[in-house]
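Please go over the structures that come below.
In what comes next, chain A is part of two complexes: it sits with chain B in the first one and with chain C in the second one.
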Partner chain A sequence: MSAEAEFAPSGFSSVERSGRSAGNIAAAALRFGSLIAFAAILIVFSITAPYFLSVGNIGNVLGQSAISGVLAIGLTIVLIAGGSNVVTGGIDLSLAANMGLSAAVYASLTQLGYGDAVAIAASILTGSLIGLVNAIAVVYAGIVPLLATLAVMNIVAGLELVLTGNTVIPASTPILSALSASDPFGIPVLAYVLIDFTVLATAVVQYTPLGLRLYAIGEFPDAARAAGLPLRRLLAGAFIASGVCGGLAGILSVSYLSGSTTGSGEMLLPVVVTALLGSVFPRRLVPTITGTLLSALLVGFLSNGFQLLNISSTLVSGIQGLLILIVVSATTLLRRQEA
Partner chain B sequence: MSLTTTKAANAGLHGVVAASLLRYGLILALIVVFAIFSAITPTFLTLTNLQSVLVNNFPLLAIISIAMTFAVASGGIDLSVGTAMDFASFAFVSLVLAGQPVAIAALAGLAAGALVGAFNALLISVIGVSPFLATLGTLFIGRSVQQLLTNGGNPVYLPPNGVPEVFRFLGHGTLAGFPVPLAIAIIIAVATAVMFVHTRFGRITLSIGIQPSVVRYSGIAAPAYIAATFVLVGLIAAVGGLILTATVTVYIPSSGNAFLLNAIGATFIGTTLSPLGRPNVGGTILGVLLLSIVANGLLLTDLNFYWQQVGTGTLIFAVLALSFINRKAGSGA
Partner chain C sequence: MTIENSNTGLGRRELLKLSALAGVAVTGASLLGQKSVQAADEELSLKGKRIAISATGTDHFFDLQAYNAQIDEVKRLGGEPIAVDAGRNDGKLVSQLQTLIAQKPDAIVQILGTLSVIDPWLKKARDAGIPVLTVDVGSTNSINNTTSDNWGIGKDLALQLVSDIGGEGNIVVFNGFYGVTPCAIRYDQLVNVVKYFPKVKILQPELRDVIPNTVQDAFTQITAILNKYPEKGSIKAIWSAWDIPQLGATQALVAAGRTEIRTYGVDGSPEVLQLIADPKSPAGADVAQQPAEIGRTAIRNVAKLLAGQTLPRETYVPALLANKTNVAEVTKKLGIG
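Then we have the complex of A and B:
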């Protein structure tokens, strides 16, 4: 879409340099703009809904965002390694269904009398197997990710129905209760889980050579290949990592909902939005783990604030849609200016 | 994907076989699936059953998938085809309920769908948002708007006996021996297939999808064509919305999204498995047929209902994997 980008001889003209610095200012404006918008939303809600800015409520939002946050972080890893083109590049549509199946596996195993250790292992295994199937389909069979993960999504959603018979399977075990509890300050354990997971994922993706390589194969696959990076293995690894995130989110959702429930597919589009929206926070406007966390929290705070203000929850989806469009339009216009 | 030509030449006879397998991959897949279901279920290969596939499963998905084919052909995708259906359906039902003539209501429905397309066109062509994100935004906003219009998502029913005759005809009548929905699907398929190949608009849209830079260097205003494409996508999807409403005589908010993933599936199956290797109406129709036959065949087996979804997914996955592996091993493309 960026028409001029192909024309531009890579940077030696002074004109371009000045254009780029103007672009940098604009990009900074957007970045701070989005952070300011985030802060403004928090301020408006905290003035209109007094309970909003209490520790307990912030903890609640973090806890409620844990499931979608973990899923969106998984998707972010695929976005990083697969590149920014959503159709031919990185996308994993099977994540929400993955969470549903992993949750169903967990709940079914506890119903059969197995302990937490087995159930946790089985959920993670389920998630990573789904990731592996995606990886094989995309990397080795060469199916475009959008299509491959769409087919896998159908299979996984079907398997969940087979396993649960489209019913709710209750589950309650020591670890699930511990996860869904709150600490003495009233902050849900899930909030800590989200923060810990984000820290871990950030450490790996943003601060290790492995993470840099993921960015390299996503943004400049040819250069990465020339540099001798194992493209296929890295991309396959990204899909498997995303699958593991699905499994983890499954465990979290079993604890949050005290069992496995139907309708996990509803999570798909919000998660895609969260992950895509995340690229507006970092400096270079690329997907990052922390950016995704911020966007998950933004969405979480929005729905929470609406609930506290008694505004119909039907508006949340519309506002999410508007947010994507505003953010993406702004980013696109800026990039155009930059190029 | 990027095997060298020497390798392809070395593949020799194997390559020729693989290439021809790929060439007719979709038809072959259809025949195999057809044969399997004929063998394992006694009722599949009966006239009434095949008719029911064509009447019940096929037309709506075909229309929505053709709309999707245009979006994909222009190098994008449209995640809001269901939204266009819903808006068309809502306008249609509301005006019929308000006592307007069916023709006026139907026109308003088409306009509503085209409006959704125009919104996408604005975002994509004027602002320059990527089609995936633009239409994703439209999908979300559309969902909210529908809930606001219907007091939080209540269906709008038409009284069964108060429905005008024309309305009933659109959903359940016959035209020259064909059920009306099927006839409309066929007309749209033929018209769009001709449009793709024989009109300037169709050829330029395709070229934008295949080689956008060439189109730009030729001095063609690509954004204008892309905008027109997305309006057309909304319009075609709106036709689907009208037929859906006329068949079930109710508008259910956000019900059009049920077609989204299958339409994407059919379009991409048609694209990847056809000898053309690019989005085309014929391939899409075969893709829709494949999906419809698989859904119907699995329904006739004694398989548990939930296993059917697994079966559908697995079959599609297998067809895709085979074709891609085939292409890699054989043609060297």
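Then we have the complex of A and C:
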């Protein structure tokens, strides 16, 4: 609701006006607008929803967003390196299935009696191998990422079915218990994992020459090639990094769900939405790691706030979708205005 | 669905009264028992209480009926329901349970769910001092589990199956959800019964039913197995722990013209009961649970608990076996169709 109040006036007034300066003002409004909208949603929930503002609840939302956050960050890296055109640009549709298979590998290994160290290594290896297959398909075979990763998604989901027989494999190990626990303040460990992972990813992607090169090959591939950047290696690296994120998310998922469960594929669309929604937060409206984190938290806070407000479960996804549509359409309108 | 809900609301209560009357006819003692139970139920109240209802999903007849009946019953008793539906997504289910624990309701009622996934979180709720009750999922962290008597269901269904096939022949079994306690009990009962009928054989490998696309998948799997066993009589029956795979299996039998094979399932989904009522359909029997009554009973148990009463470990709500001969009667009793 608050997002509507924030966006509708700025969006429409900017359409009526024209010219470069008006566009700049509108873009500026949007830059802060999306953040203001986010803040407004939080404020509304803080006032109306009981328990919303408690440390434990905010920690819960961070923890609940950890799995989708890590996956969306992986996807963001691919979006940056592949360009953000939804059809021809970078996309990794195999991420959710990757998480499912990596989780299944972890749970199966612990069932066979292997320890955490082996299981963690195997999950990360599984994730990175899937990333490697994507990289080969996209970079060396030249298949459009949308199709290549869609095919890989099916292969990976099939492998998960073969491995688990579509059943739940329970897993309980010291590290998994530690990951699903909470600290003395009631903040889940997964919340810290998400923050640490975001800090690490932000440091690499936003503050190193490597990160800058990823943006260069995604946004201006011709210029990047002319400047002598190793386009193929960088793009392949982005897919492998995304694969590793899938493996990591698999480990988090095993701890969160006390094992590997079926239906990991359902994570795909929420993760894609989270990563694409992420570009409304940063100043230049491009995909960034922090933007993706904010968007993952927005989605998390929305579900959480609606539950705390005791809104009927049949309405929640509709309202959530509407709010997201408002945020995204405001961005699109303003982008067109700028161009 | 809405029509069904409004009907079942009355129908089920009538049913309770009917069963109470039946009790009168049998013995005076049961009359006293029923009377005192009903009197106690009338005094129950959830005034000022916030009762959390966490459903694994509401896309099946059973959980939708139980979920809606629970919400209505909490309201009827003057309480405030906090109802969340995870849409059969385990991640969402766990997040919702986690947030529910933070909301500190007066009690949490969990409907279904894979035990290994939910149990750690039910334990956290219990550790936080919130009473946990369950519907159709036995957990050491739940004070009371309201469910159908799955041992009875499993035994009744297995005996009907064995008797229908004359005590010999191959049966195909869907066993994809052995991790779900009620399914495991029903399956174990089938195995227990079959053990004493040496000529009955469960074909290996067993099939795995899936969610979602249960019907289509069961159709495909049964079509494939019929091709593997093309001779009439090589398969006598198809068993599944619930009746949605039974639906797909029955359709596959009709499509392949192998209507000599009978199908068996549990839950009393209206579409399956309809098939059983059709004399030409290969659907053999379906044990119908009373999901709305199960839901209401669970909420009444919450009220009893909060009023200081001690609850039994499990509360059983009777299930009704519908076969070719009595299906009309059962359907009428359930208030559907």
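FYI, the second predicted complex is superposed on the first by the 310 of 339 C-alpha atoms of A that agree within 3 Å, B and C clash if a C-alpha of one lies under 4 Å from a C-alpha of the other, contacts with A are read in each partner's own complex, and residues count from 1 in each chain.
As a working rule, contacts are C-beta pairs under 8 Å (C-beta built on N, C-alpha and C of every residue); 3 or more make two chains touch, one makes a residue touch a chain.
Please read all numbers here as calculations on a predicted model, not as lab measurements.
In the overlay built on the shared chain, the residue A:194 is in contact with neither chain B nor chain C. Legend: residue contacts after superposition of the two complexes on their common chain; A:152 is shown touching chain B, with no touch to chain C. By the touch criterion stated above, A:273 is placed in contact with chain B alone, chain C being left untouched.
Contact with neither chain B nor chain C is seen for A:101 once the two complexes are overlaid on the shared chain. When the two structures are aligned on the shared chain, A:165 is found in touch with chain B and with chain C. In the superposition on chain A, A:333 makes contact with chain B only, while chain C stays out of contact range. Shared-chain residue A:322: touches chain B; no touch with chain C. Shared-chain residue A:141: touches chain B; no touch with chain C. The wider contact with chain A, measured as residues touched, comes from B rather than the other of chain B and chain C. Contacts of A:56 after superposition: chain C is touched, whereas chain B is not reached.
Residues 165-166, 312, 314 of chain A touch chain B in one complex and chain C in the other.
Within the complex formed with chain B, the chain A residues making contact are 1-3, 6, 86-87, 137, 141-144, 146-148, 150-159, 161-162, 165-166, 269, 272-273, 276, 312, 314-322, 324-325, 328-329, 332-333, 336. Residues 50-51, 54, 56-57, 60, 63-64, 67, 165-168, 170, 180, 188, 253, 256-259, 261-263, 266-267, 303-304, 307-308, 310, 312-314 of chain A are the ones touching chain C in the complex. Chain C contributes residues 55, 58, 80, 82-85, 88-92, 94-96, 98-100, 102-104, 114, 116-117, 119-120, 176-179, 208, 210-211 to its touches with chain A in the complex. Note for the complex: chain B touches chain A at residues 1, 77, 123, 127-130, 132-134, 136-145, 147-148, 152-153, 213, 216, 261, 264-265, 268, 272, 304, 306-314, 316-317, 320-321, 324-325, 327-328.
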